[in-house]
Every structure is written in C-alpha cells, then in structure tokens.
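Multiple structures are listed underneath, in structure tokens.
Here chain A shows up in two complexes: once beside chain B, once beside chain C.
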Partner chain A sequence: MKIIHVKNIQKRFNKELVLNDINFDIKGSFGLLGPNGAGKTTLIRILCSIIQPTNGEIYADNQLNWKDSNAVKSNVGYLPQTFSFFKNASVYRVLEYIAKLKGISKSELTNEITQVLEETNLMLQKDKKVKQLSGGMLRRLGIAQALLGNPNLLIVDEPTVGLDIEERVRFRQLLRKLGKDRIVLISSHIVEDIENTCDHICILKEGKVVVTGELNDLLASIDGKVKEVFLSSEQLNTLSNEIISIKELGSEYKVRYVPSNNSNLFQGTSVSPTLEDFYVYNMNHGDIQ
Partner chain B sequence: MSDLNKLNIRFEIHNMGLSFFIPIFTTLITSIYVGTTIHEEGWEYNAALAFEYLVCPFAAWWVSYLYYDTFEDNNEELLISLPISTKYFGIFRSAVFFLFFLLLLAIQLYVLNIISEIPLNIPFLLFRFASQGFVYAGLAFVLMMLFKNIMVPILAIVVFLSISFFSGGRPFVLTFSPLTQIDGEVFAILWSNIIIGFLFFVLGHLLLKFRMRNINS
Partner chain C sequence: MNILYSFKFLLRQLYLSYFIPIAYIGLLIYASLGFYIYSLEGSPGNALTSSSTVVQIGAIAYLLLGVYNVRLSDKYDLKHLFSSIKSGYITHQMGSLLVGIISIFIIVICTFSFYLLVMWKYIYINPSFIVDVFLYISLYYGLAFLVCYLSGFMVATWIRGKFVFPLILLIYVLMTPLNFMFLRRSNNSFFAWDKFLNVGEPNPTMAFHPLYGLSISHDQLAKQLLFICIPILLLFIYNVMHGFLQKNKYIIITFCLVLIFTISCLVSNLNGGQILLDNDAELHNYYKNYDITHSWEQQPYKINEMNISLDTKKNLSAEVWYSLIYEGQTATNELIFSLFHELKVKDVLIDKKQVNFNQNGDRLKIILNGAIERNEVLNISLKYEGLKTNFYFANEQAVYLPSYFNWLPSIYDKPSFIVLNESNLLQRVNHQLTQNVAYNLVFKHRGKEVYSNLPKTEKDEWAGKSFSGITLASGLLDVYTKNDTQWVIPFTWKDIVDDFPTLEADVQKLTSIINSSRLLPTEVSFPKKIFFLPNLNTVDRNEFQGTWYSQDHLILGTHVTVEYPEEYFTTYKNNFLVNIINSFFINNASLGEITDYQFAILYRAFLTDILLEQINIPSSEFQQLLESGQLQSDKHPIDDLVSQLNGFKNSTVSKDLSSSFYKEWAKLLHSNNPWESLKNLLEKVEDLN
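Our next item is the complex of A and B:
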C-alpha cells in the first residue's frame, strides 16, 4: 500500500458539519495539522474505521476500500491520544492480549511480540507492569501494540502529548524510523511534531482542507514572504496581525512576521520559512480549498 | 479467527488484580457462617438469606470489573479500532465470568449439601440463586454501558438490597424463602428473574453497539 486516496469526505454529527469535502492523498510520513476543533480526530476515526463518513470514499491502490471495515481494521495500527489501560498487566501480556484480538495466530504470537518490542526498544521493560512505565515508555507501548500485525498504515493521534522534551525527541525519531516501511499518519496541533517527522502535510481548519502537499514544496511557496526584524515594545503593537513569533532579547524583541501594508514601515530581512511560519501564514491568509 | 478464540480469560483475571478474589473471599466467609450456624433454629431461612444477600449480588462484581479499565480512561477508542465484534466485547466476556460465578455457587451448594442434616434440592437451589445472580450481572452490564463508571452498578445493587431488606422482605428478585421451599410462588419469582436478566443483557448489548458506533456519546 503506497497511497491512500481520501475523496470528498463529509461527516455530520446531527446537523453539525464537522468535515466538509475533504480531499487529499496520504503517502509516506504524513502530518495532519490544525487547531483544536479542526476535525483532525474525526478524520482519524474515519481512517481507523471507528466511525463511518456521511459521504465520500477512501481507498488504497485498488487493494483496500474503507467500506470493508474489518479489512481496514486489520490493515491499520492506531495509537489514540489516550493510551493507559491494563495497568496491572505486564508489557508483554498487554501485547499478547492485543495480538490475540487482532487475530494473530498462536504460532506467530511470540515472534510478532518480540519484533515490536525490539522495534520500539521496550525489550528490557517487557516484564514491567504498565503502571510502572514512564510517559515515554507508555507511548512506545502504544506504538508497539499498533505495530502488531504489521499494519500498512500507522495512525498516531497527538504523539507527544504529556511527554518531556527528551522523550519527545526520542519518540519523533521512532516515528521517523517507522515511516520508512509503511505509511505513517501523525495528527497534531504541535507544529514541531509534524515538521520533525513528516514529508507530506495537510492543514485542516474548521473541517476543511486549507492546504496539502509535500512539505518542501509548501515551504518553498512562501519563500521570501517571511521576514525577521528587531523591534521595541512600542513598535510591536503596530505589527500585531502579521506576527508569527516573538522572542524577547533584553529591551528588544526579535520578531518573525509576514509583511503587509502596516509592516512595510520596517526594514526586515528575509528568512527561510519554517513549518510554523507556513502554518501561521495559512491560518491567517490561506484560502480554504 | 472466531471471537471465542480471542477470549483471554487469564489476562482478564490478571488485569483485575486482587479485585478478582473479592467474590471468592465473600463466598468463603458466607460458607463458614452457614456451616457454623447449621444446628441453629431457623437455619434454612437464615442460610437462604445469606445466599441472597451475600453471594448472589457478587455475580455483578466481575461483569463490572471487566469494563473498568476500558471505560475509566476512555480507552474504548483503541478497542473499537481492533477487529473485534460487539458480541465478543460485551456478551461473550460477561458470559464467561457469569459462568465462573455459577461454578463458585455450585461448589458452595455441593459442600452445603454434604454438611446439611436435611436433604437439599441442589439443582433447584442452583437455579434459584443463579437466576438472582443473572439479574445482578445483567443490571451491572447495562449500567456499565450506560454510565461507564464502576461505582454506579455497585451502588445501585447496594441500594436495591438495602431497600428490599428494610421494606420487610417484599419478594422481588429475592424470594425470602427457606432453602427447602419449592413452590409456584418461588418459581414465578425465579422465572421473572431470568426474563429481567435477559432484558438487561439485551439492553446492555444494544447500548454497547450504540457506543461502538458513536464513540463520542
């Protein structure tokens, strides 16, 4: 499975339209970015076949159609935002339990579990109880259970929520590594998570696609549009709508911004855009597709 | 792979931790009480009450605990994403633990029959207490699906038992009859228990099905 096509997806909860005409292709390491309430989790639940869309279809290379919910569930590994159950059981037993639920046969069970424990670097913790694991280990256990059955698509919702900086970095590296052999979809409102792990992105806002494409191409599209300038606190107020980020440096502020009529007063220098610049730019200026 | 092959009872028991042994412990205490009072006047009645109040309600314990881990931290989302059916997740798992309760009850009644000076009708007594346990297990199942909180079924059963105790033994679910009483009145209560329990399980199954399709509800 190389590409998953998402076509004209709509989702209504009662009368509320949560997703409206969503179209994009998922491939490689794919990041789903958007503010809270953009519809990311709903879209992920549709991709995991937990809920069905009101309209539209999803399919992969003519091999798999999302109308066949059981086939999809066997091909998708999912790590939800919350993963903390079976606290009294050991890491190995949890994986064994979930492997059985996924329908992995007894003869393959031990090999499969050993493989995912090695892949997620949890071999030394296999006999530890879930309640004794740190936040990072718990997320890695979440990934390990998602990898059971060697799914073609791995979906991770808010991967680094609740992790400290060191654990975040390690977890992002793990996701990068996993993305080499399969499609990995990461949903997050943290731009850094997506920038460090994904090659393709889609930005959602209010249930619609703002922009989608390859990360490098998207960044190139705003090349020269982001500037950086040092300002005093009084000057800062005139730029309020254009600002992307501010860093305090003594009595001055280092400001990244997207120039408009107001900001032409300042002589900023052009800088290479980051995903955060692109994200803020599109949230403020992007046309919803 | 069929749903039955996916059952992993050893894991479910292990995951309940010490809570799994509470019904076994209570059964043991009740058996000791019944055994030590066997020569007292009115033993048949008191023993029956001990079963109705201290053994049958624990049929709900394991059924409630099966869903404790899943619902307390909103973990049902992951389980729903796995290729498992509503029947497996609800009725099958609950049925296995209700069978455990029946086994426990059967052993207790067998031992009681050995030490009892009067002959007891064990199949009838098994049916009598199993039908009551069936109502409590069904009630626990439906309340867990509805409220997703283990305290609700436990409190509901405690409140029900307290009301029936203080109301002076009006027969409903409980029969308040001696171990040896077998008549139409008792049978009517037992059959109504089976119907009520069955309805609870059907309602619980429908609620679970609804929950699995509407994850946010």
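Our next item is the complex of A and C:
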C-alpha cells in the first residue's frame, strides 16, 4: 500500500457538519494539521473505520476499500489522542492483550511483542505496570500496541500531547523511523510535530481542507513572502494581523511576518519559510480550497 | 477463544484491584454463614427463603460491578482503541460479561456445595429437594445476580455521566426483595408489581412453606430469563447503533430470536400459573365483602359416580364428568353448585349438550335446557381452571386440594370461606361430599409424588369408592408408616412421626369415651391415613381450621411456620387434642351442615374442656373463648347463656357425657336458631336438678 485516496468525505453528527467535502491523498509520512475542533480526530476515526462517513469514499492503491471495515482494521494501527490502559496491567500484558484481540497467533505472539518493544525502546519497561510509566513511555506503549500486527497504515492522533520537549523530540524521531516502512499519518495542531516528521501534509480548518500537498512544494509556494524584523513593543502593535511569530530578545522583539500594505513601513529581511510560517499564513490568508 | 483471553485478562485486573476480590469473598462467606446458622436450627428451607439479604447485597454488588467494568474501559478511553481492531470491542465486551457470568457461576457452585455440607443430615432423605435447592440457588442467587450484572453493564454502556447511579439505585430498589416496601400498595391491587419485578426470593417476609417448598416454578424461571434478555437486547441495540456489531443477517436473526424469546417469557409471565404468594389478606378481604345474603342449602342431588381428569401445568385445570340424580320434590330448570371462585368454568355440557351457566362468587348456576323432575338422571361434564390463592395449591410444584374444599363442584350451596362478622375470623366451610361415590381420577402431575385418600390403581390413576371426597397432596412430602397408620408429611418434619404414639394414646382414650357415651351418631376412630400438613396461614387465628376428620383420612393441620419441631406432639399435645376433638364434632361433614359457626365454636370449646378433663388433661378452652370476645354478638346477647353454661359446667351432671343434654346440643349445631334452643335446653337441665 503506497497511497490512500480520500474522496469527498463528509461527516455529520446530528445536524452539525463536522467534515465537509474532504479530498486528499495520503502517502509517505503524512501530517494532518489543524486547530482544535478542525475535525482531525473525526477524520482519523473514519480512516480507522471506527465510524463511517456520511458521504464519500476512501480507497487505497492496492484495492483496499474502506467499505470493508474489517479489512481496513487489519491494515491499520491506531494510537488514539488519549491513550491509557488498565493501570495494574504490565506493559507486556497490555501488548499481549491487544495482540490477542488483533488475532495474532500464539506462535507469533512473543516475537511480535519483542519486536514492537524493541522498536519503541520499551524493552526495559516490559514488566512495569501502566501506572508506573512516564507520559513518554505510555505514549510509546501506545505506538507499540498500534504496531502489533505490522499494519500498513499507522495513524497517530496528537502524538506528543502531554510530553515534555525532550520526549517530543525523541517521539518524533521514532515516528520518522517508523515512516520508512509504511504510511504514517500524524495529526496535530503542533507544527513541529509535523514539520520534522512528515513529507506530505494537509491543513484542515473547520472541517475543510485548506491546503494539501508535498511539504517542500508548499513551502516553496510562499518563498520570499516571509520577512523577519526587530521591533520595539510599540511598533509591534501596528503589525498584529501579519505576525507569524514573536521572539523576545531583551528589550526588542524578533518578529516574523508576512508583509501587507501597512507593514511595508518596516524593512524586514526575507527569510526562508518554515511550516509554521506556512500554517499561520494559510490560517490567516489562505483561501479555503 | 479471544473472549476467554479477554476474560482472563479482565479477571486479573479485577483481582489486582483488591477491593473486588475481598467483596466477592465477603459475599460468599456471608451467604455460607447464613446457611450455617440455619443448619444449627435444623431449618434447611428457611436457610434459603430467609436469605433475601444475600440477594440484596449481591444485587447491589453486581449492579455496581457491571457499571465498574464498563467504566473501567471508559476511564482509559479504550472504546475507540478497541473498535479500531476487528471485533475488538465486542470481544472485550463479551470478556467483561463473562467475568460476571463466571463469577456468578462460582457463587452458585460454592453456596450450593456449602449448603449441602451443612444441611446434608436433614435433606439426604429427599434427593428431589436437593435438586430444588440447586434450582433455587441458581434462580435466586445466580440468575438474580446475572440480571443485576447485565443491567448495571447495560445502563453504564448507554449512559455516560453520573446519572447512572440514580438509575442503578432505582433498578436496585425496584428489582430486589425489599421492593414490596415501596411497591405494595393495596391488597387488592390489580397487578402485583412487587412480585413481578423482584428477582430475588418472591416472598421475603414469609417462612419457608414445608409443603409447597421453594418457589421454583416455570413462571419464576421465565421471569428471570425475561429480565436477563432485556439488558441483552439493549446491549445488542447499542452495539449495532454504534457500529460495534455489523448489521448482517446473522445478527438480525439472532436479535429476532432473542426478542421472540423475551416476548414469550413476558407473555408466559403475564398469564402465568399459580405461584406461592404471601398475601393471605387478599382472600380474607374477599370473603369479608362476600355477599352471603341468600340462603344456603344443601342441594338435593345424589352423585354415584365421578370421573375427574386433572392437570396442573400452570395451575389447576379440571374436566369432571358425573352422573347426578335429581332428588328434589319439585321440578327445576337450574342446578346450583359451589365451586371456589378462582376456578373459572369454561364449559358445561349436560347429556353432551352445551348449557348456559353463570358463576357468581363461589356459586355456580347451571341453566338447564328444560325442566327436570325428581329422580331424573343427568350426565354433567364441566371444564374449569384457575387457582392462585395461597391456601390451596395446584401447580407443577405442589398440590393441596383437601376433601373439604370445593375444588370439585360441591352440592352445598355455600361459599368456600366465610368471615365471621363478630370476630372477623376467616372460617373454612366444609364442602366434603359424604355420599358414597365411585371416583375415578386421572391426574398427570409432572412434579413430585401425589398422595390421596383414594387408592392408587395405576400410574397417574386413582380410583375407588369413598364417603369422604378426594384429598390430593403433593410437594415436599414423604409417606411414613407408624403403628399401621400411614402418614403423609413434609419430609422436613419426618421425625415428628416418632413422637406420634404420645398423641395416639390420648386420642384413643378420647375416642373410646366418645364412642361409649355415644356422643356422636357414628363411631369415630383415628383414621389409618393421616395428612399432616402445614395448611394454616398467617391469617388463621383459629388453629382448628386446619384439622378435618373423615372416615378414611384425617387432615391434621398446623402452621406453615413450623419447620423442624422436635417432640412436636408432646410439646403441643393439648393443641392437637383440641383440634382433633374439633374435627370429630365440627369439621366432620358426615354430621351435617353447621348453620352457625359461632355457635359451633362455643360448643367445641365447652365440650373440649369436659372431654379433656375425663382424661386428666387440664383445659380452659371455654374460658379462653369467653375472654377472646369471639362470642360477642348483637343478634343474640350471650351474658345469660354464659352464666347458665358456667353453672352447668360446675354441676356434676355436666361430667356425664352420655346424658341426653350433649346429644341434644350437638343436634342444635345443624338447626336454625340454636342460641334460643340452647337456653331452653339448659333451663330444662336446671329444672331436672
């Protein structure tokens, strides 16, 4: 499986239209970026075949169609946005339980578990109880269980939620590594999660796709549009709308912005755009597709 | 297989929570402790029927466990994770359910084993009771807990928030034995909601019934299954609605099958048969308001032959054929019988032709197609069914249809009971047919052995001539022979029989006095067949209501609350003698009809004192009767009469039982206006002295 086509997906909860005509292709390491409430989790649940879309279809290049939810389920590994488990169960038992639920045969069970423990670097923790795990370990356990059964598609909802900076970095590395052998879909509202892990993205806002494509192409599209300037706090107020990020440096502020009419006053230097620039730019300026 | 693994995994999680295993073992110990305590008292029946607190505790425990098991997965937000795995959610859910089911199964096995261990010495003689106990524990512990577990599980699955807990509490209050405190409104309620909803012991306030036994009829099972199916169906719907179960034809077929089963359980419950109830007061109230204005008469019918086909699948259903000779002086075009009002007549045929009839209370009027003359013979066939009172039984579990009860059409145009105006006492009316009838009874009873005064001719058949009607009894009974006398007696009372000679000796003394002084028109003796049964209910304040004499059998009654009395006859000899004397003189249909029960009570008390004095047993029945106020009446002031009687009692003449006074008095029981006549009789005796 190399590519998954998401076509005209629509999802209603009661009257509320949560996803509206979603179209994109998932390939490689794929990032789903969007603010809170954009519909990421909903879309992911559809991709995991936990819920059915109201309209639209999903299919992969290898004939797999999302109408056959059982087939989809055996191809997908899923780490939910919030993951925890019976607190008295040991890491090994959690994995054993999930492996059993996934129908992994007795003979392969130990092998598979050892493999995912190694992949997620949890070997030393395998006898620890869930309640004794740190947030990072728990998240890795989440990945480990998702990897059981060696799925073609790994879906991770908010991978770094609740992790400290170091753990985040480590976790992103893990995801990047995992993305080599399979499609990985990562959803987040944190740009760094995606920027360092994914090569394709889709930005979602209020249930609609804002933009989708290869990360590098997208960044190239705003090349030269982002500038950086050092400003005092009074000057800062005049910019407000155009600002992408502000960094405090002593009495001054280093500001990245996208110039518009009233910001031409400042002589900013052009910088090469980052995903954050692109994301904020699209949130503020981008016309929804 | 994955379900089993899921079960194992979850069981381990519960085990690691400490609190749950401790509560579970606590429940087992609590249940066993109750059995142990009752085993010291020798009460194998009450050990179960009085164990409603076990159900009460187990019910709340399992309701909460059901909620807990759902909430545990919810707490870790596992629903989405599991549903991303093929059949993951369902497997996990089934595993959770299995935790409840298997733990309940273990409770059933453990409590049953412990019960056997401590009660073996009382129950080994009756293997069928051991089966009953297992069924009882399965029904009222096992299935009751299962209902609770499934309900808790289902409610928590459907409802997320805190609202679960009031709902659980509501289920608990409505569906456990204590629900009668909230649900029992009036005695005449049209539907006994408390009985219907209660999944525990149906009669938590009643002692074990040594004849009827444990409530384990099919209706009870159907009810438990109904309440098990409801949460299962609702879980089914939840799973399908939320996509955890794919809507395919197998799922739909399974759902429909469960639904059909549920509905059939409900239907079988709604028009269910007889179950053991504790609502004595209902019958009492019925007869308190009974219209007794019309005159009661023995109908001039002679019956030579009666064929009865009886069934007790749900409750009594009977087909009766008999030939009747009309002996009235004048022609008539209707026949009057008495038949207990709960027995609803379906069909009456006379000489194979359908005739009209109506049932008004206990009175059955058959309207003939044409008038009949004296000595005309009619072939009557009747079909009827019913019975739900707890005074008499006829279901697959127990049968108690005594000869004095009008479960067969009676030629005495009287109700089955009356309530004495003055004392509010419920009085059974004797409907025993004292004609020499050739009976032929076919009775296919699926329950325990049936005992009758009629000789058993072959399997399911009893036949023979009798002057005493038919008595049928079946339930937790056994038959024992002692000194040539056959005893039909609850097996839990077996040892009472050993104590019988004490009573027998005194009764023999009494009967020889009665016979030699010719106190009765016919001689009396202890019949060779005795039905010793718990036939007195809590509303029966007059114990002699339970003991009935007839030529070929004696029904010796006592309270249902008696469970395992040692030296019972020795301890309560006086009571039994009083009751037996009453059965010779009052509860004896061959003497004729009692016209005034109050008058009969007076006669009984007075005569009992005199008789017992003769065999040197102190007795103060007369005094007690006066003190009880049961004789007070507006219709006939009794003060003068009482002082006359007291005077007579102290005279030496009163000791002469062969004097004509007692015979005359006895005749008054069957005459009109006995009070005035007794006064005159006493005056005559006084004059003689």
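FYI, the second predicted complex is superposed on the first by the 288 of 289 C-alpha atoms of A that agree within 3 Å, B and C clash if a C-alpha of one lies under 4 Å from a C-alpha of the other, contacts with A are read in each partner's own complex, and residues count from 1 in each chain.
Going forward, a contact is a pair of C-beta atoms (placed from the backbone, for glycine too) under 8 Å apart; a residue touches a chain by one contact, two chains touch by 3 or more.
Note that the coordinates shown come from a computational prediction; the quantities given were computed from them, not determined experimentally.
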{"item": "Clash-or-fit label for the pair chain B, chain C on chain A", "value": "clash"}
{"item": "Partner chain(s) touched by A:7 [first = chain B, second = chain C, both, neither]", "value": "neither"}
{"item": "Partner chain in contact with A:27 - chain B first, chain C second, else both or neither", "value": "neither"}
{"item": "First, second, both or neither for A:100, with chain B first and chain C second", "value": "both"}
{"item": "Touched partner set for A:189, first chain B, second chain C, both or neither", "value": "neither"}
{"item": "Contacts of A:51 with chain B and chain C, given as first, second, both or neither", "value": "both"}
{"item": "Which superposed partner A:83 touches (first chain B, second chain C, both, neither)", "value": "both"}
{"item": "Doubly contacted residues of chain A, that is, touched by chain B and again by chain C", "value": "45, 48-51, 70, 73-74, 76, 78, 80, 82-89, 93, 97-98, 100-103, 145"}
{"item": "Contact set on chain C toward chain A in their complex", "value": "2, 5-6, 9, 12-13, 16-17, 72, 75-78, 80-88, 91-92, 243, 246"}
{"item": "Contact set on chain A toward chain B in their complex", "value": "13, 45, 48-51, 70, 73-74, 76, 78-80, 82-89, 93, 96-98, 100-103, 105, 145"}
{"item": "Residues of chain B that touch chain A when the two form their complex", "value": "1, 5-6, 8, 11, 14-17, 69-70, 73-75, 77-84, 213-216"}
{"item": "Residue numbers on chain A that touch chain C, as the complex places them", "value": "45, 48-52, 69-70, 73-74, 76, 78, 80, 82-89, 93, 97-98, 100-103, 145"}
